[in-house]
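Take a look at the structures listed below.
The following pair of complexes shares a single chain, chain A, combined with chain B in the former and chain C in the latter.
Then we have the complex of A and B:
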């Protein structure tokens, strides 16, 4: 079984975000990047499947800032192959373009599962997994919390709102958007990453034709103005509780 | 008549032959057991500890001669052990003199054991024989009282999951055998004197008194018969004892001398590096062959005295770890894996199968992650066991597999990404200085006499940033020329290394050293004892030799040379908590005390103080792990200890982590208002 895990670097919010002079993009000069948390979960779930079934895992990423580090870390964790898609900048790309570039490369590979993070903090025009499924023309499930493989089939748990979980059965190949792996992503020691950086190499593949449109344009980036209208409820604990009950009732909660 | 005694008195020739046959067999059994031990240690990895053999020998001899490590904080056990030790040594020398005189010198017609020498010999041996028996009796009394530290009950297993009766049997055999050997020795001396009554034997006062006793019991006529049987009982026990030595706890007489001799003075303070080849396959120890010969010897050196078991903060908090049990489990595992002549072993209901991983299976990860690396076990161990090195080497194996709790994992990732454990931006490292109305020098850009290595907690923790500002103000007021590395500083790595993340540690050392090399300063001082330890003891191995001191030492010097003037003697009572990494690791217990004395506070030490201080529970990465499952947090235990002092209103600390831990502990133990945690800088600020 072959599992392909598209991963990407997203802005690290620890540094705080700045909007550039155009007002239509982030100021990327001092920006720090980290692996999209959901992609980390997708990779973890893929590595668990590898341990269970002996699958091979390929981590793939569009060329962008700091992406080599993410790929080497994936290899240190257990990915068998690491691929960088070149000829396109993954930084600031629309989801449609990213999905197309990845589909161009993945389409030419042999695979059973494509597992990527359900979303990323910088997704602009939709989530990657569903678009990727579209360009690959393969079945798709998102918000996945567990994947169990049997033969050429997989049982997939998807989380719905309100605490519901649905189970899907699907036949390979398919594309999954991973919400969470069964366990938190593993730690990989620094020495191992350093070791991999010396011994492993990143395979580079050209993106090909990415001539798709997201169908929308950014007109403005801005920091939301914090809403007013907060009401502080004073008085004794009993008074406060009574007021809260009253308020909740007035909003239709019974 | 010449003063002497006949060896093999009244012995037919055949019995003499029988004795030599038994004696040589015994010695053969001893040598074989000893050989098996040596073979066991030879299976360990190499360790560069064979330098300065004479110096090492003298160091061990000095400790053994004085029994100083046994005396430490336990005068009763120390004195009893001293009596037994010297009794045994002198009796051994006496026996050796008899053997040399009778078996060798006699053949060339020389006889030294006679005349005045014989009389002196008799007296000395009688006196030390009494020492020997008194020491053993004291130990019997001590054991009869069942002290907690000699209780072999485990923290981590239920009683039906293990069996340690072998240990108790060994203890009894060892003690009683020695006692009976001593007793029968005196008895046969007494009957020999009673039989002939040579007047000069009054120089054997104990034998003489026993002879009197035999006379008074009317058994003088049977003396020769009792002597013959008594002599054989004594001899058989001695022979059994000699054969028993390498197969039992009696082995400590030999192993522990070697263990003290090959002990590293910097053990735990400077952890072993992982060489590049090893780094490729994994940092940690996976099989018993990964341990060094010294570590294998450590496991055998343990006498189960329980001192580490008593002092360990993790054990006291009710966690799975007991340093004693860890060492004994590693011994058991080594014995099973590579063979050993040990007769008295512990057994388990579920024996670990061969090929089991050590870290995480033979030794559970709970045991390994419970350690606070406070070094109390290493410090208190009378026989030079280096528990901490083994713990970290095994933790390294857990880190290799990522076998750790999420919080620790996230913290390590943060340190890797941002250089600090808080997961905050590197650029905010010196944000705490913004509230100061002066600017602190940036030693990367301008020269300063001192570089202040601040450390993560004092830089990022809101509660401790205030303390950092106080330090900055006091030093500025005193006109000290100092600067910071600003965002160039990273976590020094002390606790990262003790967690077992050696690769990350090396990265931090490289990064910090790169900045330090480019900065201009003469000396480093730090408010963080953890950074202090690693920069002082571990950075030199990476080529970074810096002069570094703790801020308490700097402040004391400033007061002594008049730079910092005391305007007000404080007068109130305080107690002081010695930080593990300052007091125990680096022996700095005087500077903070002298500093407090200069400030005019009345210091009342807690029962556990100085190098015997009780850890706050934060070290070795524990501050990045969950402590909610403990029976009692070490920090809370410590606050209770401080409260036993009575009316001491202030609990003084000199470590950022201590401030955080104990401020919390005062609240969580419900003692708010009874005692207040202050940093030593609060006192200085008040007094100047």
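Then we have the complex of A and C:
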């Protein structure tokens, strides 16, 4: 069984986001990137399936800032092949273009499952998994929390609100949007990533003709008014705690 | 192409999700601005009677098929795309929900319509639509414009009032025949959530903890605070995904919707998926070290500070 895992880097929200001078994009100059957390879950679920069934796992990413690090990390965790799609810039790219570029490359590969994160914090024109499924003309299940493989089929759990779960049975090939892996994504020490950088290499494949767009234009970025709703309680931690207790007493809660 | 506004409704176990009514309320405003008709799309099997709850729409298009009896990503994506293809409405609203996320992108690609996600507001002027999307975990809003003439949107829960879109009375129903041969994905079963744990929806006081807690070794101090307050501990999704707390304690989109007298949020950023589950709490107090955390837009009181200082200080004073 072959599993392909599209991954991408997203801005790290721990660093503040800054709007650039045009007002229509983020200032990406000093931006720090990290792997989309749901892609990390997709990779983990794929690696668990590899352990269970002997599947091969390919991590694939569009060329963008810091992407080599993400691909080598995937290899250090156990991905057999790592591919970088060139000829499109992955940073700030629309989801439609990203999905089409990935579909161009994945469409020429042999696969049973494509597993990617359910969403990312920056997918303005839609979550990638289902867009990709339709460019590949393959069925999809998204918001997935577990995948159990038997032969050329898989039983897939999809989550609704309130902890309700639906189970589906699907025949390969299909595309899955992974919400959470069965276990926390594994950790890999930096030393191991460095070691793999010396032994493994990234395969580069051209994106080919993309020819789609988001169909919309960004007119502005703006920050929601932070603290707009809350009355802020200042002072030292002791002062703040005392004020919370007072507040709870005044509301009859304590 | 028509001037219609379509709302793709969704239901589970015979119950509409609130988001369907919210989209009807939002759709009505858009339809008034475009001068178009508001159409509710209903898919199911022997469930035509559900249309009687969709009185806010001018018309219901109903597709009946045995593969639509329970939500099926493949069947519903196909059926919704076919219904849209036959009418080419100006605007299609889908929910930013587990079901909607399978249908919006399907319609976008199959009908070559632009798609905008995480939508919190729409305005129409002349030939173009202006849409606000909430991105980056609620930390940044992005306004987009499309003059494509038609557009699919994935609407954030809470973007409009469900009550404003909840109206009984059966509008005219158009039956739509769908062909759903060759499905490779089959619905098997619904698995109900575990009911053996504390029911956080019934707790008047919730001390809720997020990724700011860093690791599970730090949870006992949160439990101690909750015990002093006479409440229960709840949490955000990453705490559950890390297996530090059971799913029964998760607040939010895929967790539970809670409305306690007190919701004390500790180290929770306030992503839209979390806000969806707790925004109606009577008193929200948030503790976060990041002054720009979106949770402060929704809390009544905010404490900018380190939870590892505030928790012991607060526990000591109770």
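Following the convention adopted for this analysis, the second predicted complex is superposed on the first by the 225 of 254 C-alpha atoms of A that agree within 3 Å, B and C clash if a C-alpha of one lies under 4 Å from a C-alpha of the other, contacts with A are read in each partner's own complex, and residues count from 1 in each chain.
What we mean here is this: a contact is a pair of C-beta atoms (placed from the backbone, for glycine too) under 8 Å apart; a residue touches a chain by one contact, two chains touch by 3 or more.
Owing to the predicted nature of the structure, the values given are computational and were not obtained by experimental measurement.
By the touch criterion stated above, A:123 is placed in contact with chain C alone, chain B being left untouched.
Of the two partner chains, chain B is the only one touched by A:192; chain C is not.
Legend: residue contacts after superposition of the two complexes on their common chain; A:28 is shown touching neither chain B nor chain C. After overlaying the two complexes on the shared chain, residue contacts for A:16 are found with chain B and with chain C alike. Touch criterion met: A:170 reaches chain C, while chain B stays clear of it.
When the two structures are aligned on the shared chain, A:50 is found in touch with neither chain B nor chain C.
In the superposition on chain A, A:69 makes contact with neither chain B nor chain C. Which of chain B and chain C touches more residues of chain A: that partner is C.
Residue contacts after overlaying the shared chain place A:184 against chain B and chain C alike. Taken together, the two complexes place residues 16, 184 of chain A in contact with chain B and also with chain C. Contact residues of chain B toward chain A in the complex are 274, 279-280, 283, 399-400, 402, 404, 406, 409, 412-413, 416-418, 423-425, 427, 501-504, 506-507.
By the touch criterion stated above, chain A contacts chain B in their complex at residues 12, 14-16, 32, 34, 184, 186-195. Within the complex formed with chain A, the residues of chain C that make contact are 12, 17, 70-74, 77, 97-99, 101-102, 104-106, 108-110, 112-118, 130-131, 133-146, 148, 151, 154, 183-194, 205, 229, 238, 241-243, 247-248, 250, 253-257, 261-262, 269, 283, 285-286, 291-294, 296-306, 309-310, 313-314, 316-318. Contact residues of chain A toward chain C in the complex are 11, 13, 16-17, 19, 26, 37, 41, 95-96, 118-119, 121-127, 130-131, 133-135, 139-143, 155, 157-171, 174, 177, 179-180, 183-184, 214-234, 237-238, 240-242, 244-245, 247-248, 251, 253-254.
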